[in-house]
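You will see chain A twice below: alongside chain B first, and alongside chain C after that.
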Partner chain A sequence: MLSYLLFIATIGGIYGLLALSLNLIWGGVGMVNLGLAGFFAVGAYASALLTTIGHAPIPAGWLMALVAGGFAGLVVTLSTTRLREDYLAIVTLGFAEAVRLIASNEIWLTRGTDGISGIPGPWKRALGPDFNAVYFLIVVLALLVVFFLMRRIDRSPYGRALRAIREDAQVAQVAGKPVLRFKTEAFVLSAAIAGLAGALYGHFTSYIAPDMFLPLITVYIFLAVASGGTGRPAGALVGAYMVMTLLESSRFFVEWIPGVTAVQRAALKELLIAVALIVVLRLKPSGILPERMPPAPRPS
Partner chain B sequence: MTPVPLLQLKNLRRAFYGLDVLRGVDLAVSAGGITGLIGPNGAGKTTLFNVVSGLVPPDAGSIRFDGEEVAGWAPDAISRRGLVRTFQVARGFPKLSVFQHLMLYGRDQPGESLWQAIVGTKAVREREAALAERAWETARFLKLDHLIDNPATALSGGQKKLLEIGRALMAEPRLVLLDEPTAGVNPTLQNEIGERLLELPKRGITVLLIEHDMGFIARLCNPVIVMAEGQVLTQGTFDEVRTDHRVREAYLGRRAA
Partner chain C sequence: MTTIRIGRRAALAAGVAALASPAVVRAQADPIKLATLTPLTGAGGPYGPVMAKAAASVVEEVNKAGGVLGRRVVLVSEDDQTNPEAAVRAARKLIDVDKVSAIMGTWASSVTTAVAPLCWESKTFLCTVSGADSITLLPHQGFLIRTQPNSKLQVTRVGEFILSLGAKKAFTMIPQTPFTQSTFDILNQVLPKGGCTHQSLIYDDKKTTYRTEVDQALRTSPDVILANGYTPDTVVLLKDLYRAGFKGKVLGFAYSINQKLVDQVGQPEVVEGVYTFAPSPAEGSSAFEKAKAASGSANPDPYTCQVYDHINLVLMAMANGKAATGEAIKENIRKATVSGGKIVDNAVDGIKEIMAGGKVDYAGASGPCDFDEKGDILDCKFRYDQIKAGKFTLVKIA
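What follows is the complex of A and B.
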């Protein structure tokens, strides 16, 4: 049971990283990234390939994931600068599908739909059964670092400028803010974090395949950020763990319901998650921890 | 020798879908006063503001501001150069407080570099503290200090207009373009806004404003520039343009022969 809980907590932490990544650009600048799963996959593959085929040490893989995710983010933002806001959503969705299709078909590199197995975990052999606990701590550490980074940005003049761009980019520009620079930086940073999350995922499960990076993950993360509270890093984290808890606990809950088949159970599970999220958003429309408006410092 | 104008437009042209909205605008605004820009609806006044502030690129012509050609510049670059505008319908950021609105417009903010924001350097803290002091001072000047922690959406129409002026002030501009600063504002607050605007030239800020209220224009503006059909018709003191028959024709139409 403990190892199951650790497993859930670790995956929840990885979802938390993704939620922080999405919150930075969606909650922060108002850019809709429907391709989150794509950046997640880029990071996972970059690190997996470097540490299996490349035999590089695991930290080098994580670093590579950050760089690869960020670079993919840069390419996507720069290729959409001339498009209107809503087209970014379409392009990112297409990007994520393209990444998945490349991973499925470029067999020489990614081993196609068979996926990459044997991705090394840190001190896995030496740790034996304690691996899950140690890995959980690694994820928590990464989560804390990213969380404090995001909170700093959130409360800085940088975060203020991002918010202004989210509310009205044209007025922000008239206020002297170089909108493109802010958007590009935020998107690249966000994509890098998603990439890191992907790497942490791969080295935890030791196996990745294209069908792990379906758009459904992006949907879950959007639900997490929306129900936790857009525009507030703590909200994104709470939302991620809440969605994770819902996903897992509903699995046990439906077991108790008599007289339904396995297929019906699976459908019932989805239904339960949907109802729970509707209830949350009905009671707290801005999420569990809504965005705050910091008070002005009083003059001394 | 006449001084070089702060803003000089030469043969500025802009068309939308084949319709000439600006048909060769020539005008000059000299530093240090409040210049009024009037004209019937459709004369091209707001389009002129959009072109000068960089939101809409001109098709042709020159915009010289403070000794530099700024035609074709991005709006943020023009704003940082010292030319800030407001909008006819007050536009702001719904989820930002009055204080955050004011802070946002502060210029030269080291905390807007990603790296410095994360590290939180001394330069960031010092600039924030200095800007916060200015923001409070500006809020008091505009009598918005009791609303400083409210979201901008909680302000009345007139207060929103005041906040727009306050934002422009925070940017420490050389020139502000005010697009109908008293549109839809009650007379009491309108006087208030007028009085605040008279203060701006004393602070070294030149004002160019569009307005339809002629009483307001007469009280505040000298000179007054009249636009009609995408061109400058005439310019002079309020009394001069008021008695100009071309101005009457532009507003009321020609007398039938």
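What follows is the complex of A and C.
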């Protein structure tokens, strides 16, 4: 049971990183990034390829994932500078699909739909059954670093400028804020975090395949951020763990319902998750931990 | 001091009581746990539920006959959602919480590849119906068998069948899957030997129309088209081929061109004359009849027959190994098909024979169930059908 809980807590932590990434760009700057799964995949593949084919050490893989994710983010923002809202959302969705199609068709690089197996985990052989516990700590460490960075941004003048852009980009521009630079920086940082999450995922489960990066994962993270509280890092984190808890606890819940077949149980499980999320958003429309607007500093 | 003595006495009393109680009570106290991990939702949704049901019926029969090794068997069914990410979480739960000794019925190749490392690391036995060649090449240390013939064997037979249709120009339309490249390689070897040229294209299986792909294929004026996708995309593809006025022969795997596809297409003329091909269950065998009853289906598909065999093999392996661990299943899975043993078609008879000290030779619903050292099935029959007036009619089993 313990190793299962550790496994779920680790995957929850990786979802948490994705939620923090989405919260920065969606909650912070108000840019809808439906391509989260794409950046997740870019990071996972970058690290997996560097450590399996390139035989590089695992930390180098993680660093590569940050760089690759960030670079993909840069390409996407710079090629969409004139798009906003729905149009940006459509392009990012297309980006994620393009990444998945490249991963399944460029077999020489990504081994296609076979996926990459045998991705090394840190000290996996030496640790044996303790691997899950150690990896959990690594993910928690990464999560804490990113969380405090996000909170620092959230409370800094920089974060205030991002929020100003979210509320009204034109006003921010008039007030002398370089909107494009802010947007690009935030998007690159957000994409880099998603890339890191992908790398952490790949080295944990030792196998990645294009089918793992379906838009479903983006939907889960949007649910997490929306129900946890858009625009507040702690809310994103709480939301991610809440979604993971719902996904997993519903398994045990439906086992107690007598007289239903396996198929009905699978359907009930999905239904339960949906109902729970609707209830949360009905009772707390702005999420469990809603955004707090710090008062503007007094002019000195 | 006193407390300790009472503790010992209580423990002794409990132990005596347990031994004295009928076997049924003991069996219920400490059940053997096994699992199916089949696709109940997602692309494999048409197959998984029947597979899980067949396995559950076998377990029920075995429990009625007193279980295995004097213990009751509990079958846990999880949904792999035809998605490796979800499957890994479900498998982790089966291994760590339920502590099952075997997982059976993983369907999609990507799911099997994702779940396999968890299984061999935790010494849990894995039985799969996935076809990708790469699966049995994983370092699984013997903790994996598959009852599905690998794609090399399957595609070679497809190629031979295309030649037997008198094809001179064959064209393959296939989405990107773990067996796409090997399909091309094998067909490019087999077809030219029979004087048939071969061309191919890869399509995206999530598109809603294949008009451009069909045009591209028809430009080469093929006389046989191999439609090698899954059910949802093949529905669209067959309609587009019909609309484009293709007059040649169409051939596909029975896992995608099935009764559900015919129903979804809704126009009999679209699917008229289409050939289908599948690894054949051992139709007419007594185990096949048993699998029919277990699945509650008059015509169980190959995967259901294979899962019927998985659960029977695993139960008999535990009886042979006198233990219910994954390790014991691994060591004894091949002892359920010893040539010269008593021929059985279900685990109840098999376990009885093994417990009486005999050897068994299980003749399965999907075939003879003999495995090589990598875990691949050695022999399998194939079945060829043709759709005539909306009905599947048998061409041959060979």
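The rule is simple: the second predicted complex is superposed on the first by the 293 of 300 C-alpha atoms of A that agree within 3 Å, B and C clash if a C-alpha of one lies under 4 Å from a C-alpha of the other, contacts with A are read in each partner's own complex, and residues count from 1 in each chain.
Please note the rule applied: contacts are C-beta pairs under 8 Å (C-beta built on N, C-alpha and C of every residue); 3 or more make two chains touch, one makes a residue touch a chain.
These numbers come from a predicted model, not from an experiment.
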Where does A:Ala89 make contact in the superposed view: on chain B (first), on chain C (second), on both, or on neither?
neither
If you stack the two complexes on chain A, which partner ends up touching A:Ala9: first (chain B), second (chain C), both, or neither?
neither
A:Glu270 contacts which: chain B (first), chain C (second), both, neither?
second
Using the superposition on chain A described above, determine whether A:Ser117 touches chain B (first), chain C (second), both, or neither.
second
First, second, both or neither for A:Ala60, with chain B first and chain C second
neither
Is A:Leu74 contacted by the first partner chain B, the second partner chain C, both or neither?
neither
Partner chain(s) touched by A:Ile153 [first = chain B, second = chain C, both, neither]:
first
Residues of chain A at both interfaces, chain B in one complex, chain C in the other:
none
Touching residues on chain A, where the partner in the complex is chain B
149, 152-153, 156-161, 163-164, 167-168, 170-179, 185, 189, 231, 291, 293-297, 299
Contacts from chain C onto chain A in the complex sit at residues 36, 40-41, 48-49, 52-53, 56, 77-79, 81, 83-85, 88-90, 92-93, 95-97, 108-110, 113-114, 117, 132, 134, 138-139, 176-178, 180-181, 202, 204
Spell out the residues on chain A that touch chain C in their complex, using ranges where they run on.
1-4, 7-8, 11, 101, 104-105, 107, 112-115, 117-118, 205-207, 209, 211-212, 214, 216-217, 247-248, 251, 261-263, 265-267, 269-270
Which residues of chain B touch chain A in their complex?
53, 55, 74-77, 79-80, 84-85, 87, 91-97, 99-100, 103-105, 107, 109-114, 117-118, 120, 124, 127-129, 132-133, 135-136, 148-149, 151, 167, 171
